[in-house]
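Every chain is named by a letter (A, B, C and D) in the order it is written, and numbering of its residues begins at 1.
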Amino acid sequence: MGQQCSAVIIGVGPERGLGATLAKRFSAEGLHVFIAGRSEEKLQQVARSIMQQGGTVTCVVTDATQEHDICHLFEVIQLNTAALQIAVYNVDSNIPAPILETETEIFAQLWQQNCLGAFLFAKEAIACMQPNRQGTLFFTGATASLRAKPPFTAFASAKAALRALAQGLAREFSPEGIHVVHTIIDGVINGDRAAQQFPEYYQSKGEQGLLKLEAIADTYWSIHCQHPSAWTHELDLRPFKEPF
Amino acid sequence: MGQQCSAVIIGVGPERGLGATLAKRFSAEGLHVFIAGRSEEKLQQVARSIMQQGGTVTCVVTDATQEHDICHLFEVIQLNTAALQIAVYNVDSNIPAPILETETEIFAQLWQQNCLGAFLFAKEAIACMQPNRQGTLFFTGATASLRAKPPFTAFASAKAALRALAQGLAREFSPEGIHVVHTIIDGVINGDRAAQQFPEYYQSKGEQGLLKLEAIADTYWSIHCQHPSAWTHELDLRPFKEPF
Amino acid sequence: MGQQCSAVIIGVGPERGLGATLAKRFSAEGLHVFIAGRSEEKLQQVARSIMQQGGTVTCVVTDATQEHDICHLFEVIQLNTAALQIAVYNVDSNIPAPILETETEIFAQLWQQNCLGAFLFAKEAIACMQPNRQGTLFFTGATASLRAKPPFTAFASAKAALRALAQGLAREFSPEGIHVVHTIIDGVINGDRAAQQFPEYYQSKGEQGLLKLEAIADTYWSIHCQHPSAWTHELDLRPFKEPF
Amino acid sequence: MGQQCSAVIIGVGPERGLGATLAKRFSAEGLHVFIAGRSEEKLQQVARSIMQQGGTVTCVVTDATQEHDICHLFEVIQLNTAALQIAVYNVDSNIPAPILETETEIFAQLWQQNCLGAFLFAKEAIACMQPNRQGTLFFTGATASLRAKPPFTAFASAKAALRALAQGLAREFSPEGIHVVHTIIDGVINGDRAAQQFPEYYQSKGEQGLLKLEAIADTYWSIHCQHPSAWTHELDLRPFKEPF
């Protein structure tokens, strides 16, 4: 009988969010899931939902930008005997503003959340995966990863930094058997966050203009299942109705 | 009982080639496959192999660069009652040479095979798919699609032209429900062609340095299965050992 | 006393056009200019204007897509004792259309004019420049060189092919002292062509929204003057008011 | 009599460095130059050299990553009556290392120096330039701005962040008459820094394989002189011998 495997997702918030959906999907595939995020309440809610569908889950309250928190998260993961198969850096923080109205603190925070946290998380995840010479490391990018448009300049700068980090990691660790993936979510996700943060924009898209959470999770799973002889490093995902 | 569906692949050559492998895979998923290529003998061999695994197949000898041939191929497809679900433009023609030694005829031929044929094929495939408002149209690209390096300049020019064509088609037809995909095969495929065309290079790569045919086909299939709310237009595929 | 130098520009049409403006500018810098294009009348008019400002000029009626014409053009150039310093491929042909309404002939013609002609021209220009181990070879690109948007898909495919050609040439011939440059004209040129071909769009841009011919020529000249230790291969040019 | 104009360059170090060379060049064109950097001694040396060639200069010891320092720099600039014509963010900090051996502090520092400082500097420079509706803002990028290769992953991440910032600024402020330029220095500069930091690599390049400081400065100046109807936002600069 095979050893159980595990996945860790950081950036798990509301149940109708990408982090939670990935956790549920990986759980449904038989993996133990570690879910990490800043809100204990939200983690608990997602955990209940995973357990109700028969999965096992560990919640770890984590601020992705704090090295101490990331280290603690991976200490918890290492205590577990399940081999870490998947690690997803799903933190995504976006505060639109004209540049002259962007405070230094905000500019730095967007970078810390979208990129520095990814660096901290990646180092620990890779250290976990190296002994097994396998595992998939996902970074969730956005339209802005490729193009900087006001008022999203600060966000784009942070996402471009993340993209380059992911590319460098792929070049460094693919030969060791670690699959590094950067996804470009080009559009609005049909989840709680956009519905609350940009309600009018969200409405204007209509259901066909939004990315379904489960559809994104399907692709993450199939990319994880790719044979190492034909790995994808980067791919875009957008609703068929989305202009680009 | 559901209507049978079909797929068409153009650029089907040796059995250990990408065209043949995609045909076998789509057949294994229950689709009737139309296979097209210049060599009747090779098509027949692939067809036998598909039938042996229980599939149904139609061979159409086709030169992808000849409008008349492409029209005839789609007339055959239209006679069939199966809805066309997948169309793959898999023609790939590469003749490395320094630019000053590249004959005009060769420069033109590479463009005709890698790009003009794709244009002819796409127009017919889209016309077939539009009434059903669905279908996936694949174009097989290469490393050179993104970077022109001598002695592959003529090839890169043709592949860049193909990539732009695919991108324009995606923008034009995605909203109509047609999924347009451009794959970037970044490496050497473990098939008959590279083994024969570049035997030393092929050997030097070793098995871990080559793309497995079946692994590529897995990804084509899962991209075809994507929900329209989260479609991928472009993705790269490379062996984990491949430097990039 | 130094030997006179020369420049050749192909794609010279109306006087208020980029080809003519480059010719006048290079002439003003002291170069003998060879101007090539399909209309003898237009060439003569540009030639008169160059001679009026004290320059010397040779007109060669040339269809850039005809190998025979290109060879003849360079035979004329080789008869001259002036060393060829600059060669500009400035042919730009754009016929917007939805893909399903784009005739094969039009798709092929756009490629022939935007890319095949550049290949023919580049081979001859490089052969002229190689003995001197110097010279600048310009290719005029467009917004569509980087992005394919309907109804410009066929044009974008041809321009992407040109861009890859230029990139491969730069990699192959820079080490031999030949400077290969690809410009991306991202906007509408304030010349006769746009005024006639897209009068309403042209008007809507306003003077500040259009590229001034002389301003483009200034940049071509300063790029030509770059020291070989710091050459530019690619640069964009757009009006300050142009959204991008 | 015209009002004198000024330029500010941050990231001025050794005399044989890009910052110092740009300062000398802008001074030779008649601009008063403000030079900023961390080492008072190096600034003084560059200042002497500028004054010896007849220019006027103000030194401001500045740590580009410190908001307070940047604000102070621009207070000094604002005291002067010369209109700020050029602002160059020339800070470039590169510490190669495998990712698992890259300390968090180093990762953060590279971002602060290559990107955060640029953000602080750009805000102040733009505020200075807006009332005149003119000025050129340069950001010096590198090969790594476009590609992340180990052991330069952290550097590449920071440079990609800078590039996106520059792109967003160009989109936001070009319409207001501020020219935002991102240069990609693709190669090794023939200056003191590379000679000291990577002596063997520097030697191996040979003189023809290195970017001449004055040649880079020529291009910065001619880009600054571009007419607003045909502005360049991004361009690469590399030695003709450099493979790319």
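Simple rule for what comes next: a residue touches a chain if its C-beta (ideal position, glycine included) is under 8 Å from a C-beta of that chain, and two chains touch if they have at least 3 such contacts.
Note that the structure is predicted; figures quoted are calculated from it, not measured.
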- Could the interface between the copies subunit A and subunit D be described as same, meaning over half of its residue numbers are common to both, or is it different? same
- Identity of the chain that, by mean CA position, is farthest from subunit C: A
- If you average the CA atoms of subunit A and of subunit C, how far apart do the two points sit, in angstrom? 46
- Note on the structure: Averaging C-alpha coordinates per chain, one finds the centres of subunit B and subunit C separated by a number of Å equal to 34
- Within subunit A, the set of residues that touch 2 or more other chains is 171
- Message: Is the chain-to-chain touch network here best called a line, a ring, a star, complete, or other?
- Response: ring
- What are the touching chain pairs in this one? A-B, A-D, B-C, C-D
- Task: Report the residues of subunit C in contact with subunit D in the complex, numbered from low to high.
- Result: 170-171, 174-175, 177, 179, 190, 208, 210-212, 214-216, 218-219, 222, 225-244
- Residue ranges of subunit B touching subunit C (in the complex, touch as defined): 67, 98-100, 102, 104, 107-108, 111, 115-116, 119-120, 122-123, 126-127, 144, 147-150, 152-154, 156-165, 167-169, 171-172
